[in-house]
Amino acid sequence: MKGALRQALTVAAKDLRVAGRTRDTLLATAFFAGIVLLVLGFALSGGVVSRDARLSAPLAAGAIWTALALAAAVGAQRAFAQEQEAGALEQLLAYPGPHGALYLGKLLGVLPPLLLVAAVTVPTGLVLFGASEAVTAAGRALPWAALALTTTLGVLGFAAATTFYGSITVNLRAREALLPALAFPILVPAVLATVQATRLLLEGGWSPEVGTWLTFLTAFDLGTIILATLLFPAAVEG
Amino acid sequence: MKESDPGAAFAVQLRDVWLRLGREVILRGVTLDVPAGQGVTLLGENGAGKTTLLRLLSAGLRPTRGEGRVLGFDLRDSRAVRDAIHLMPVDGGLYPDLTAAENLAFALRMHARAGDVPGTLRRVGLEGAATRRARFLSAGMRKRLALARAHLLARPVTLVDEPFANLDDAGRALVQELLLELRGQGCSLLIAAHEPALAQVVAPRTLRLAGGLLREEVPA
Amino acid sequence: MKRDVTTTVLGAASLLGLAVVLGLSLTSPLDVNQGSLVRLMFVHVPEAWLSYLAYGGTGLFGLLYLIQRRRHWDRLAMASGEIGLLFTLATIVGGMLWAKPTWGTYWVWDARLTTTALSLVVYGGYLLIRSLIDDPERRARVSAVVGIVGTLYVPVNYMAVEWWRGVHQTQTLKLLGGVRWDAAPIYLPTLLLSVASFTLLYFFLLRLRGTLAAREEAREERELTGVTGRVEVARG
Amino acid sequence: MKGALRQALTVAAKDLRVAGRTRDTLLATAFFAGIVLLVLGFALSGGVVSRDARLSAPLAAGAIWTALALAAAVGAQRAFAQEQEAGALEQLLAYPGPHGALYLGKLLGVLPPLLLVAAVTVPTGLVLFGASEAVTAAGRALPWAALALTTTLGVLGFAAATTFYGSITVNLRAREALLPALAFPILVPAVLATVQATRLLLEGGWSPEVGTWLTFLTAFDLGTIILATLLFPAAVEG
Amino acid sequence: MKESDPGAAFAVQLRDVWLRLGREVILRGVTLDVPAGQGVTLLGENGAGKTTLLRLLSAGLRPTRGEGRVLGFDLRDSRAVRDAIHLMPVDGGLYPDLTAAENLAFALRMHARAGDVPGTLRRVGLEGAATRRARFLSAGMRKRLALARAHLLARPVTLVDEPFANLDDAGRALVQELLLELRGQGCSLLIAAHEPALAQVVAPRTLRLAGGLLREEVPA
């Protein structure tokens, strides 16, 4: 158990070191998140939409979380594509210890860049879709702490699911498109929970309903991580 | 973590192993016994299946039919096998964006072992490239780095795929020296190579893979 | 090839059941709101039921494969996945055709409809993954994993539907419930019979597809190893 | 000149062959576009939003073009990732002839699958987001020809821009990490023009304003292709 | 497109070429004249800079200082140089997802040339793997495929990086045979190798790269 934890941390540290060195993961994830915000921003911010304050919260929530879900998929795919370059993946799988630890390590390595991207995407999205304005116009302050919690839980859930599918698609052709396509349906509960929590937070600040959604999200995160750790060995072994 | 099964008299045992990859049948009934501590040179034409056989032994591939054991552990018990074995692949299997020293340190930490990274780098002549990324090493330097890793890890069963390719004369002598040291520590070696003369110095017993079958080769 | 009695019996029974359902539904009274359109229910609901059954099968057989590593289970999982996909498609197309006259539109962003469309993607992905892996062992393993996770998606989304409704009262769901409530007394026997027949149909198709896959696999194995003449056909 | 064209076609044919080997890339990309539509539908059109008929046009336009922009980005990324694997990119650059031809070849290889995916995504998106219905309810026919033209021009523009982006990121050294961030905004005009043209077409059929956007889009496409062909050699040369 | 400058008496000319990669200075004033049609064996320790020199000649890298010409074309005129030269890299530089035959056909079409793909595949012993993707070829088979490509293209200046590595004995003889044929057609050869005895059969003139400088080596 302690050995597995050490392995997970070793893998994560390595991935973070490489990510800091080449920065390509960060770039790719930011690129995809940026496209989503850009297109949706232009499509929805003209005409009727921008004039209707009630719409700003659901639209901002939807756009932000679609962007982050995609960014998670891209980040996870990178994490495994990197391994595969130069045959390192086969070498990684040949180390002793449970393969589940490798999944956890990969997940821990994927998370920090994603959280970084999220830290930019969320405020940008709120401004772009006029949600932050609508909130301050209503005389409230933006609930930053609650938003940050939602974001962290949401990104963790996205990363957990996409990292798992990343291990499956890495050896397949067409993996770039396949990974998001496979992972998204599974992400639907997480998208739903994050979108609703964000929307409610924007519309009225903290409420017990938000708490319910966040509890659900936490359960989703834990469930996904446990299940993925259990199934990962079967997905990758020789 | 067990270092090895101390009761195991055999490093490797294969019984009528068949292996199919895609639509090709690569191994067609391979049977092999390697006593613990022995050194074996594996010869065979290009495409004979040497690399495939080594991957099978390192639990990277599963036999389609037949059985195998490494240090007494069933090949299907991948965790135990991976604990006992190390495969040095042809292309090194290094992380291109980690430096030479980081690559070694990573391998050691994954095995929960300590080791003298700078010292080993010096032995393989890479002290000047310790902080260079593996991506920017020359072909021979990458091979030396992979060799340094195998030597540091010193697993009880060490599989080596084409250790002499891409190396200069000094590098080849170095491979022999380091592999002999490993044998001196009691490791069993399986070396796939196209240079029988060089490999047999380290691993005298010689086998030839042809047509998916393994035959003993008597030195001329 | 020896005759497979079980398959024949299953096939005959499900066909018989379907014929009876057809007769019953054509003679059943018209609904107050929907007229003859209500008859679509006898196809739509069992179709949806069958697809859920098939998805459950995919997950179950995948799990069994991972535990026992017998190729037999993998073939059944694949068969089940294909059946599920086929009948989800039928549910959606049928539902859309039904939706146009009753709701006035082919599609609404109702939770249940979206969920159903997504399960199409889940199992489409399952089959796509299968088609991308050549090595049979790895294919079986990876697809078992995908199938298990995919099956878990079905109940999770079922709960998501509940939560979704808890937040917005969408009329569509009320409409669905309403129709069922009003119609139940008259249509229940036919509906139940239809569901039973479709269940038989599932097992029939499962066996049929499983046998077919086994034959294909055996032939491929023979072709590959026939050269040596030493390998007997590996049977699940 | 003729030699360059032949090379471009050779590269495109190779990419298409790899992509079309088992139709996996096409399937996966189509799949991916479909899932983006579904997730956006799920995330954006619950609650208030779905009941507002005026929103159908902007939502449909936004969702369709998010899906297509992402599909283009994935396709372009794939095109260069493929080259880089196993040192094939250096080999490709070593062939005789102008390097600009390689960019054109890559672009031509990315386009056909994308257009196919677009041919499915556009009608699906229109139906799913109720735009086709809103149009027919308003007593108009869907302007298919104009939509097809917009789609073709838009997909061409996205493919040209993302392929160029891909060529920049493929050989990135750390000190150039800012380059992609600078290249990202070239996508803005394409996004703006396609989204607006589509929305206007859905809201009121053909109009001079649509014509202006399409002219602008054509200019953008040509400009991007010419610029990228000229800059590509500098981006990839050793 | 010109096949080559017919007036060029020299295949390769370098004048005091310096090359820096990252923070390392690899070449420190290399001067070299290779008359057209000559065969040159390039020796040097691991990491000496042989591969780097070949990449420089194939216009894949630009000299930091100094001048160079290939068949009379300035190295900075990358298009003309690329037209005249072919580099067979260590790792093959093949498309993993194209089959062996498709890889060859692609290279031919990029050079606007015709050639006998099945015949060449047969010569290098890959007729059975013509429709197998390069990803699934063994290390030696990939080398053979890269060799087949160099032989099919037969560029006036052909650079070969470690042609003997990963090959079995038959493969090494084959390399010699095919490279000799190329020389027979008037191609100039530059072979970087760690097997001087094997390479010198094809390319008798021998140079050694050490400390960033090139020295003529007189056969003992």
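For reference, chains read A, B, C, D and E in written order, and residue numbers begin at 1 within each chain.
The rule is simple: contacts are C-beta pairs under 8 Å (C-beta built on N, C-alpha and C of every residue); 3 or more make two chains touch, one makes a residue touch a chain.
Predicted model, so just to flag it, every value in this text is computed and none were measured.
Participant: Which chain maximises the distance between its CA centroid and that of subunit A?
Facilitator: Most remote chain from subunit A, centroid-wise, comes out as E.
Participant: Relative to subunit C, which chain has the most distant C-alpha mean position?
Facilitator: E
Participant: Any idea how many Å lie between the Cα centroids of subunit A and subunit C?
Facilitator: 31
Participant: So what's the Cα centroid distance for subunit A and subunit D, whole Å?
Facilitator: Result: the chain centres lie 24 Å from each other.
Participant: When the centre of a chain is set as the mean of its C-alpha atoms, what distance in Å lies between subunit C and subunit D?
Facilitator: Roughly 35 Å, centre to centre.
Participant: Which residues belonging to subunit B are in contact with no fewer than two other chains?
Facilitator: In subunit B, residues 21-22, 62, 91 touch at least two other chains, as defined above.
Participant: When you check subunit C against every other chain, which residues touch at least two of them?
Facilitator: As it turns out, subunit C has residues touching two or more other chains at 118, 121, 125, 128, 132, 164, 167.
Participant: Can you tell me which residues of subunit A touch two or more of the remaining chains?
Facilitator: 21-22, 85, 172-174, 178, 181, 184-185, 188, 192, 237-238
Participant: Which pairs of chains touch each other in this structure?
Facilitator: Taking the chains two at a time, the touching pairs are A-B, A-C, A-D, B-C, B-E, C-D, D-E.
Participant: Write out the stretch or stretches of subunit B touching subunit E in their complex.
Facilitator: 21-22, 44-47, 51, 90-91, 125, 129, 132, 136-141, 143-144, 162, 165-171, 194
Participant: Quick one: in the complex, what on subunit D touches subunit A?
Facilitator: Residues 18, 21-22, 24-25, 27-29, 31-32, 34-36, 38-40, 42-44, 46-49, 52, 54-55, 58-59, 61-63, 65-66, 69-71, 73-75, 77-78, 81, 85, 165, 169, 172, 174, 177, 180-181, 184, 187-188, 191-192, 195-196, 199.
Participant: Hey, which residues of subunit D end up touching subunit C in the complex?
Facilitator: Those in contact with subunit C are residues 22, 24, 27-28, 31, 34-35, 38, 41-42, 45-47, 50, 127-128, 130, 133.
Participant: Looking at the complex, which residues from subunit C come into contact with subunit A?
Facilitator: That would be residues 66, 115, 118-119, 121-122, 125, 128-129, 132-133, 138, 141-142, 144-146, 148-150, 152-153, 156-157, 159-160, 163-164, 167 of subunit C.
Participant: Which residues of subunit C touch subunit D in the complex?
Facilitator: Interface residues on subunit C, with respect to subunit D: 105-109, 114, 117-118, 121, 124-125, 128, 131-132, 164, 167-168.
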